[in-house]
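Going in written order, the chains are labelled A, B, C and D, and every chain counts its residues from 1.
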Amino acid sequence: MGSVSIPLDHVLLLSALLFICGLLGLMMRRNIIFILISLEVMLNSSAVAFVAAGARWGQPDGQIVFMLILAVAAAEVAVGLGLVLQIQRRFKSLDMDDANRMRG
Amino acid sequence: MILVNLILILLVGGVIAWISERQHPNLPRWIALLVILFDLGYLCAVADLSWSQIAVVPNPSDATTWLFHYKAEWIPRFGISFELAMDGLSLLMVVLTLVLGAISVSSSWTDIKQRTGFFEANLLWTLAGVIGVFLALDLFLFFLFWEVMLVPMYLMIAIWGHEGRSYASMKFFIFTQVSGLMMLFAILALVVLNQHSTGVYSFSYFDLLGHNVGGDIAYWLMLGFFIAFFVKLPGFPVHTWLPDAHTQAPTAGSVILAGILLKTGAYGLIRFVVPLFPNEAMAFSPIALALGAVGVIYGAILAFGQDDFKRMVAYSSVSHMGFVLLGVFAWNTLALQGAVMQMIAHGLSTAALFMIAGSLQERLHTRDMSKMGGLWQNMPRMGAVAMFFMLASVGLPGLGNFVAEFMVLIGLFKVAPWVAVVSALVLIVGAIYLLIMMQRAFQGKPNEGLRLSDYGGREMLTMAVMIVGLVWLGLYPQPVLDTAQPVLDSLTRLVVEVSEAASTTDIAGAFP
Amino acid sequence: MLKLLPLIPLFPLVSSIILMVTLGKLPKRMVAILGAGSVGMAALITLLVGLAFMETGQPHHQVLWTWMRVGEFSPDIAFYLDGLTLVMMSVITGVGFLIHLFSTEFMEDDNSFSRYFAYLNMFVFAMLILVMADNLLLLYLGWEGVGACSYLLVGFWYQNPDNGAAARKAFVVTRIGDTAMAVGLFLLFTELGTLDIQPLAEAAKSQWEVGDTLPVVACLLLLGGAVGKSAQLPLHTWLPDAMAGPTPVSALIHAATMVTAGVYLIARTHELFLLAPPAMLAVALVGLITSLMAAFTALNQHDIKRILAYSTISQIGYMFLALGVGAWAAGIFHLVTHAFFKALLFLAAGAVIHCLHHEHNIFKMGGLRTRLPVVFWSFLIGSAALAALPLTSGFFSKDMILLQAYELPGVGPWLWVGGLLGALLTAMYSFRLVFVVFFGETKMEPDKQPGVRMAVPLSLLCVLALVGGFFALPLVPLASAFPVASEHHPSHLIEGISIAVPLIGLAIAYFIFLGGQWKVDGLVNSASGQMLRKFWFSGWAMDWLYDKFWVQPYKSLTHLLRRECMDDIYNTIVKFCQLLYRVFSYTQAGRLRWYATSMVFGMIVVIALLQGVI
Amino acid sequence: MLELVLFYTASTIALVATILALTRANATHALIYLILSLLAVAVIFYIIGAPFAAALEVVIYAGAIMVLFIFVIMMLNLGDKGDRREKQLLKPQIWITPVIFTLVLLVELVLVLSQSAPAEIQGLVTPKQVGLTLFGPYVLAVEIASMLLLAGLVGSYHLGRRYLEEGRENSSRGRS
């Protein structure tokens, strides 16, 4: 892998596309599971960007941030799924439009 | 220190009254009454004033010429100090506050049954705040007291009020708070402008007095002060908090509200608005006079339309306090004296009417006049007392209100004859609603089945104090006039000097 | 002796305060002694003071204390005694005492006996202050004081709402006049710098010329006050209703004293009026028109007290006429004689009512001549004086007025003709009353006879009504107070006509109401006759007019405003805030997707800004 | 050259799998696609010279986290209930605004990216480098991450426990 010629732009473009996909999923889906999945996608896409940026300079910082993102994702998923359980119990549905108790 | 003690006695007394409730539920009342009387006694004994002292015309911008003066550093960095001072005008107001305070304690003797300690504490704290307002001459301190007196009053309405208390207390609070905010802006702007020209921050009245801001900004600052006091007065059209607050407040609350709190607005107009911004206030006077005249008539007309006894009295307050506004903005000695007299006379007569309303509510459990009638038969003493205060409110010569209204009108007539003529119409419309009130409550067919207790000794004594006060004011008001005269002289002179210096248009010519 | 002056109002005042403070706990005998006695004492002192005054004839001025002093505004509590004051004081305390005496019997059965005397004494006090006042402000104190007492006494029987309404009407209508007067005081003070009556007159004479506008305005404002208090057009409507009060009250307040306060005011300030000829003419015209209208109305009433009330209005109209033509002394003379005979009439009417189970309708009475002889003679004498039959007191005073009116250049003869017509009507209605009530067949039997405390005042007043005209007493001191009219006797023809007219009236009344020679039923019962009757009965529909154009609009105005339209402004602010709240709370719908979308929108905008796209 | 082909293939797979994952009605299917997408991303990591990241992506992301998802879905026992409403996705008023927004955003991102100078991936970053840096200058971040994970642990335990306890109560209540 010595002669790497992958353009950074393209990796970042991929990251952007993944991010957009996640965002679109976040906005369109009602099911909270899918919302969590979309969040994962978005986190992952940013991770791609970080790793790519780290690789661009040949520095490990990108991967370290990736690991931090991983930690965030893990914690987020743990809490998020706990919430999913609660929402399912309380509203008998995973549809977030039903769980709008917070409307002003 | 005398002035600080005056306030401290009330504050500490409030705490004691609050605590004492644990010993006996009746104790707070006695303590409150004694604290107020002690305060009054303290003022009389320690002050030790002679007429010759009072007769000295104070220089408004020199604190040493005042009767008392106390100053301590507070926040020197911003020129804020704890500065109290008393002249004849504040002396009158403080005495009125304490007398009416004692009366209001008496009026709520049987009215308040729960949490008496906290009630009396709030009452005393309100009085402390009001006295602070009357004495404070550091604008920051003044604003502090201005806000401080609201909170216990708000609590009194919100906790011990009648059925619509939360709406009324909220309305009261919002109206006074918003207007107070405008005053705060005006105070800060005034201080900053003063700093620009002199280089030091100072909130002291004495430092700011000579400072002539000038220009459009001064007009707006004047309006900031004016609105705060005007809402409190209350003037038309920002009077609407008053009928609600008065109606819903407990009797003692109404007495304090009508008797004292409204006077702080009038006091502010005399003490701050005109002296700080003489030219602007005089330029504004046609509008203020028109508002005053409209308020006078409007209050009387609306009072006629009310069924609720207290609401009617509240509107009569709007009407009567309009005279104060007229008196202040006519700004000659006669009208100003009338305004001061009106503050005192209205304090007594309206407080008495509110007490009567309170006693009626206590006995009949309603304030609706359409459900009353013929009560004279059941309660001749109360009827006679009500008749007296009704006639006082109508402005019967020989009683305090007449002297006040007549002096305001005769002073106003020099400045703005037509405004005086329109305001004089209140002699007619005022009579209409007060007579109807008497008819609906006390005259007409009596309800034979009703067994009501007439006024007892405590109530008659309280009323007698006010009756004697009004007759005294009506037949020999000279001591009051003499006390206020030097202050008003100095203030009117101040305005004349300033307007001569600025050579603005003649005041009299502004409103033919 | 003159130093005793302040004692005169003090006696009734102290008595009144004692009665008020004791709240009816005193025994009735005690109350009667206190109530009537205090006025009696006042009358006695008035006599002493009067005698002392006659000796010197110099006006007496006594300052008690400074009422209020602010700059140049410094009215005192001070009394001023001259002939005019003395005459008024004599009438108030003298006639007042007789009426108090009468009341002790008339009101004997009333529960509120003590309250009654408290009010009545207070009234006497206020009235005395009114006439004794040295400045217009103190006069105004008395002026308002008598108004308040009148209000209290008209509504004395408060259980009946009608009485309350009458009392309120009396107070409010007079208050309209009072307000005009107050404005007049403002004007006088602002222009002349004082309210003391004597310096005021001096200042007016030095500052104003005859025919200036200001004196005319000031005098018209004062006239407004006088018109209200004295029940003249257009503020006369309260007086007939005020008859709701006890009859002695009507006699004292609404016949003898208070209603003549307007006459007193104009006489007191006559030096101002002399500077304002148009105002003088207005006074005369108001007086003449009122007297004629009220006389027509009196002819059609059937309530005995209302007839007398309208007659009072009419007679005060005469006094105004006198003042308007400059016959000051004649006006005051008529005031005095009127006080005698009208008090007599009212008291006699009171006695009739007292003895006939509180019946007021004259057509239910009749033939009382033999049943109540004392009352009959009193009434007859009173009516004769009222009708100005020759040699009674009313004859002299009325004759004087008419002759002086005739002599006024210009409109004088016309005023005289009007006055004569009034005199004719006066004779007609007064004898109609006498004939209907005391002659004819008996329709009701009296259940009691007036006792001695009623009979004595009646007889004394009879004497006064008969011979009061011969008294030089009122005229001597008056001469010092007023400019003397030119002594110039008119022709005998004029005097003859003046004498004849009341007799003609008497004859007409006799033929219509007693003899039955003239049948007027046909005329009365015709459609137009009925309408005219109704119109006059209602007092020229003035009440209706005021109700339509003043009372009702005011009521609807208050009804419109009572819900506090100012609050609508603030409620609009509240509504606006609530609207904003609703709009913004819609964005906080609790929908995650909406939040996400709005976040994205925000992102777009932020990035665009950072990139400088926008 | 091979790397380029690999990169573009993996990118395509990652994108397509992500799109498929987000448009599934069934959550389990979606997760499978998502795992596929993550694996593809792991390949990309490897290609751009971050083997350690690639390993972590596979082990933790595709392995642990996704398994967590699947456990929960199995625990909820969803069935077909929720699926029907998801069909509304196809209605334009649901998707039109998000799609427009995201497209705009994409355009903006592309614009941003296009402004930077073209650059290429430098080369391999070994796990040793990563480890040294991680516990060198970034040690504080590690601590923060550990705190975060602890908080996540406590939070999920708290939320999940209440769910389980109430479930037990409900079932015991049902029995009695």
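A few remarks follow.
Definition applied: contacts are C-beta pairs under 8 Å (C-beta built on N, C-alpha and C of every residue); 3 or more make two chains touch, one makes a residue touch a chain.
These numbers were taken from a predicted model, which means no experiment stands behind them.
The largest tally of C-beta contacts between two chains is found for A-D. Rounded to whole angstrom units, the spacing between the C-alpha centres of chain A and chain D is 5. In terms of their C-alpha centroids, the spacing between chain C and chain D amounts to 100 Å.
Centroid to centroid, with C-alpha atoms defining each point, chain B and chain D lie 70 Å apart. In terms of their C-alpha centroids, the spacing between chain B and chain C amounts to 37 Å.
Among the residues of chain A, those touching two or more other chains are numbered 23, 27-30. Counting only residues that touch two or more partner chains, chain D has 97-98, 101-102, 105, 109.
In chain B, there is no position where the chain touches two or more neighbouring chains simultaneously. Under the contact rule stated at the top, the pairs of chains that touch are A-C, A-D, B-C, C-D. Against chain B, the residues of chain C that register as touching in their complex are 20, 23-24, 65-71, 73, 77, 137, 140-141, 143-145, 148, 151-152, 155, 158-161, 164-165, 167-168, 171-172, 175-176, 178-179, 182-183, 185-187, 189-190, 554, 557-559, 561-562, 564, 566-567, 569-570.
Against chain A, in their complex, chain D makes its touches with residues 3-4, 7, 11, 14-15, 18-19, 21-22, 27, 30-31, 34, 37-38, 41, 44-45, 47-50, 52-53, 56-57, 60-61, 64-65, 68-69, 72-73, 75-76, 78, 81-82, 85-86, 89, 94-95, 97-99, 101-102, 105-106, 109-110, 113-114, 116, 118-125, 129-130, 132-134, 138, 141, 145-146, 148-149, 151-153, 155-160, 162-163, 166-167. Those residues of chain C that touch chain A in the shared complex are 584-593, 596-597, 600. Within the complex, the chain D residues that touch chain C are 97-98, 101-102, 104-105, 108-109, 111-112. Across the complex, chain A meets chain C through its residues 23, 26-30, 35, 96-97, 99-104.
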